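Next come the structures, one after another.
There are two complexes below, and they share chain A, which is joined by chain B in the first and by chain C in the second.
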Partner chain A sequence: MNPRILPYVLILPVTLFLCLFFLYPFVLVSKQAFSTGAGFTLENFQDVTSHWKFPISFKNTLLLAAAVVPVQLALALLMATMVNGMGRGRDLVLYVWTIPLGISDLAAGIIWLAIFEQSGFLNSMLSGLGVIDKPVSFLSYQHPGVVFLAIALAEIWRATAIMLVILVAGIGLIPKEYYEAAEVFGASPWKRFWRITLPLLRPSLQTALVLRVILAFEIFAVVAALGGTLFPVLMGETYAYQFELLNGGAAAAIALIILAISIGFTLLILRILRVPKGASI
Partner chain B sequence: MAEIQIKNIAKRFGTYQALHNIDLTISDQEFMVLLGASGCGKSTLLRIIAGLETPSEGEVWIGGRRIDHLPPKDRGIAMVFQNYAVFPHLTVFENIGFGLRMQKMPNDEVTRRVERTAELMHIEQLTGRYSGELSGGQRQRVAVARALAMEPDVILMDEPLSNLDALLRLEMRAELKGVLAESNTTAIYVTHDQVEAMSLADRISVMHEGRIVQAATPVEVYRNPAERFVASFIGNPPMNFLPATPVKGGQWSVAGQMMDGPSANKALEFAIRPEDLKIADSGLTAVAKVVEPLGAHLLVTCAVEGHQFRAVLDSDLVVKPGETLTFAPLADRVRWFDPDTQKAVA
Partner chain C sequence: MSEATVDAGPDDPRKAGKFVYIAAVVLLCAWVLVPLYFLLINTLSSPEAVNAFPKRFVPEFDLGSLTFFAGFEGMLVALKNSILVAAITMVMSITIGAPAGYALSRFDFKGKGLFRLLILLTRAFPLPLLALPLAVMFIRTGLDDTVFGLALVHTTLAIPFAVLITFSLFSGIPIELEEAAWTLGCTRLTAFTKVVFPLILPGITASAIFAFVISWNEVFAAAVLTIENRTLTAFLLQNLDTSPLHLKFAGGFILVVPALIFIFAVRKYLFAMWGIANR
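Up next is the complex of A and B:
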């Protein structure tokens, strides 16, 4: 076969697959969002955004992302640096740390529910230690802070590993000679991390952050398990419109809003962490 | 003053002994080349001096101060790496100034030093660029400038020219020699390229299997190799060796020819460099096998009693394969080696 055509032929199946199962549904969802049965309209968006729950779920989603992603980033960087400094046992530690990746988000939510619920591990432990007399209902409307914290913890526990894996691979790509040069020219371990590792890790940081931020805006199952209706988020609202209120147009509109936020943040991350021309490894 | 003393340095990686009790003194402002084949331990020795590797035994002193327990930055050294290690995310300016910034040097002093060294290395127009926009030779210059900007007591270089193409290597070699001579620093330079070693060094330390077999001036190493290894490693083409049997008091039989030699009473090896042979009426009889006209010279590979034997002859000569030649070795260039100890015999 003509070698100039071959690459296109090879990517044809996946292109068709994406068009059929991604692009086509996307077009359908967009049509649904921008119509109520009689031509183009923004009515769905006006309905959705003027509802009293929208600002709360919007704020909650952003707050959660703002609380979770930086912690995950810092943890993933720390863990990746530690893994990279290890000799023997490195792979074992990496596998153990990535176990949460293999657990579905709903299961992760349920695991943390078992800790925080009224008859959960946390209550047993605290009463065992004599800190409390009777079980406390942590995940109730009286403790919004605890609900938020439980969701954030579950998310951090569940999804830090995806960043870790990307960052470990990225750090592995940085030639050792740069660290040796930095050491000879007087950079302390801390300075080497700030002046060599972080800047050279920008491409991996981009990937890890984009992936994590998008997933953070799509948070749903963990919140459903731990917060229920106490902690409304955008994805939960999408679900409610679609399956409880049977309003497909409104659900599609929220889905598109989430998409717009995700695109906005992706562009921002790519812009902030861009590598100037000629400055890549 | 930055005299370097290496005292009894040994390095083991597990059960593998990379360096065997190295002793070496390098004088202030001397240009010392560590020369050897890959795996001989020369880079390990350099990395021990730099502080990137810890010795298993021994001490390193620079300028009368023991430094082997100090971190690299406190040793008064700067280094040029084989793959340059020019930081890709920093501009040329920031690369050259990296070490100075780490010392928290004031901005105007950093600028002054960076500009001066960039000028010295002829890269003053490139200071705003990233390394991805530079050629290999330019990156090399940045790496050298970064080391010089530190105004170190000692500059360490690990095969710095090995990634450059032949012509550029020749040019950089001469330039490096000039720049370093003016900088008044002590230099240690690791290479496997003997021509580079000969052209740059005040002294060459020839290393073999984790030992220094000879440390001497280039001419000395070339003319009077201390061991058979040095004789066979240095020189292109290498020295010729022929077995020699003693006849009587200082008389030796080499390939059927009588020669004057040392007064030992055991079999030795006769050695002569290919360029120290003259065509004569009597002498070693050789049959030409391969004739290679190299422009300046004629390289003839022959067989002398079944031993490979090379001669570098005048390019005007016409020699054909199969022809029988008679060589007279220059008497004062003949060397003798003990095949048991591998050492030179006077």
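Up next is the complex of A and C:
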């Protein structure tokens, strides 16, 4: 086939597919959000934002992301640097650390439920140590702090792996010569990390953070499994509007709000971690 | 870090550093494995033991919970639906995505930048949200509440990964190999099937498995788009409030098992897949 047409033939299926199942529904969801039957209106947004649950779920979603993502970043960086110099056992350790990558948010929520529920392992441990006499119902409205902690821990447990994989791949691309040179000049491991690894890792950090932050705003099943209605989040509200209240317009409006936050943060991360022109490895 | 690779000498700080390092590695492994072990205990205990207090820290190897899970109304159908959706997603995302990955790695063409932008945009987008308008669209076309309809949405989720991963894999195979095949009388097509394809096959399998896991784990779109034909995740989510603990844990366990196997199967490719793809 003509090599000038061939690439277009090859990308045609993906382009068509994404137009039909990505761009088109995107237009539909925007239309649905901005109309209540006739003409352009902001009514759906007013409805949604004036509901008493909106400020709470908005705050919860942002707080959770703010608590979870920095910990994940630090943990993933630590794990990636630890694995980098490892000789024997590297493959095994990496396998163990990446296991959560394949585990769904729902399963992660259920796993941490086994620990935090009333007859769960945390209570069993505490009573075994004699700290408590009877099991505490941790995941209830009396302990909002513990509910938050359980959700945050489940998220950190589950989703650090994706950042780890991206960062390990990124560190692998940094030429060893830089480290050798730094060692010759007597730079400490700590200094090598700050002066070489971190700056050269910027593209991977970008990818990892963008991906994680977007997914953090979409948090849904972990919360459903652990907090239920105790801890409302935006995605859960979308689900409730669609199914319990059968209000598609409102669901679409929240969807667009989530999208707007995601885009805002994506741009912010790209701006903060931008790679100077011409400065690539 | 490098101090750990150096053999611990007689000097004490080095030795202490190495000890801290190994302790940290073990601790982080335990952080991943211990919660999984707890789930395993609950799954392999009788329903009574799961609801009892205090818990034992060793499984009693009773299949009561799993039998209850298998006998629960609609559960096996949901499991079958999950497998079907994931399998269709796997096939579709690779057959549609891989050619584009090849095009990106081998050709410079007008609009390449725009195309990559479209792919990246898809990845940086809360995709499950698109399930909302698609629900309406599917009702009109009769795709609502079908395995195939859900697979289409999951394919949208998996395609950006399929394109970027295959792009990275194809880029890892030198074009010189193909050019050599052309000079030896192969056409573009036969050079691909005889030279590139065998080399790329393991990597393609890995990214297919990745697509399978994406679909297998997806909760939101599955819950929105299916009513009668629920997948396992949607079924568990829908029954979270009402189902007994042992059902939840057994369900969670069934969700986790394929993930363990799949991550093990693709572990060699995990990092190569992300290497080039994330630029």
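Here, the second predicted complex is superposed on the first by the 281 of 281 C-alpha atoms of A that agree within 3 Å, B and C clash if a C-alpha of one lies under 4 Å from a C-alpha of the other, contacts with A are read in each partner's own complex, and residues count from 1 in each chain.
Just so we're on the same page, a residue touches a chain if its C-beta (ideal position, glycine included) is under 8 Å from a C-beta of that chain, and two chains touch if they have at least 3 such contacts.
All values reported here derive from a predicted model rather than from experimental measurement.
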Legend entry - chain A as common anchor, with chain B and chain C clashing or fitting: fit
Legend entry - Apex chain A: angle to the C-alpha centres of chain B and chain C, given in degrees as a multiple of 10: 80
Inset, instruction - In the overlay, answer first, second, both or neither for which of chain B and chain C A:182 touches. - result: first
Inset, instruction - Report for A:252: first if it touches chain B alone, second if chain C alone, otherwise both or neither. - result: second
Inset, instruction - Decide which partner touches more residues of chain A, taking chain B and chain C as the two options. - result: C
Inset, instruction - Name the contact category of A:152: first (chain B only), second (chain C only), both, or neither. - result: neither
Inset, instruction - Applying the touch criterion given at the start, work out whether A:168 contacts chain B, chain C, both or neither, answering first, second, both or neither. - result: second
Inset, instruction - Using the superposition on chain A described above, determine whether A:18 touches chain B (first), chain C (second), both, or neither. - result: second
Inset, instruction - Give one of first, second, both or neither to describe whether A:191 is in contact with chain B, with chain C, with both, or with none. - result: first
Inset, instruction - Could you say whether A:199 touches chain B, chain C, both of them, or neither, answering first, second, both or neither? - result: first
Inset, instruction - Just the number, please: smallest Cα separation between chain B and chain C in the overlaid arrangement, in Å. - result: 10
Inset, instruction - Go through chain A and flag every residue that touches chain B in one model and chain C in the other. - result: 183
Inset, instruction - Flag every residue of chain A that touches chain B in the complex, lowest number first. - result: 175, 177-178, 180-187, 191, 196, 199-200, 202, 275-281
Legend entry - Complex contacts: residues of chain C adjacent to chain A: 1-5, 21, 24-25, 28-29, 31-33, 35-36, 38-39, 42, 50-55, 57, 95-97, 99-100, 102-104, 106-107, 109, 112, 115, 118-119, 122-130, 132-137, 152-153, 155-156, 159, 163, 188, 213, 216-220, 223-224, 233, 236-237, 240-241, 245, 248-249, 251-252, 255-256, 258-260, 262-264, 267, 270-275, 278-279
Inset, instruction - In the complex, go through chain A and note every residue touching chain C. - result: 1, 3-4, 6-8, 10-11, 13-15, 17-18, 21-22, 24-26, 28-29, 32, 78-79, 81-82, 84-87, 91, 93-107, 110-115, 117-121, 123-124, 127-128, 135, 157, 165-166, 168-170, 172-173, 179, 183, 189, 192-193, 203-204, 207, 210-211, 214, 217-218, 220-221, 224-225, 228, 235, 238-239, 242-243, 248, 251-252, 255, 258-259, 262, 266
Legend entry - chain B to chain A touching residues, read off their complex: 50-52, 71-73, 77-79, 81-83, 85, 87-90, 98-99, 102-103, 129-133, 146, 150
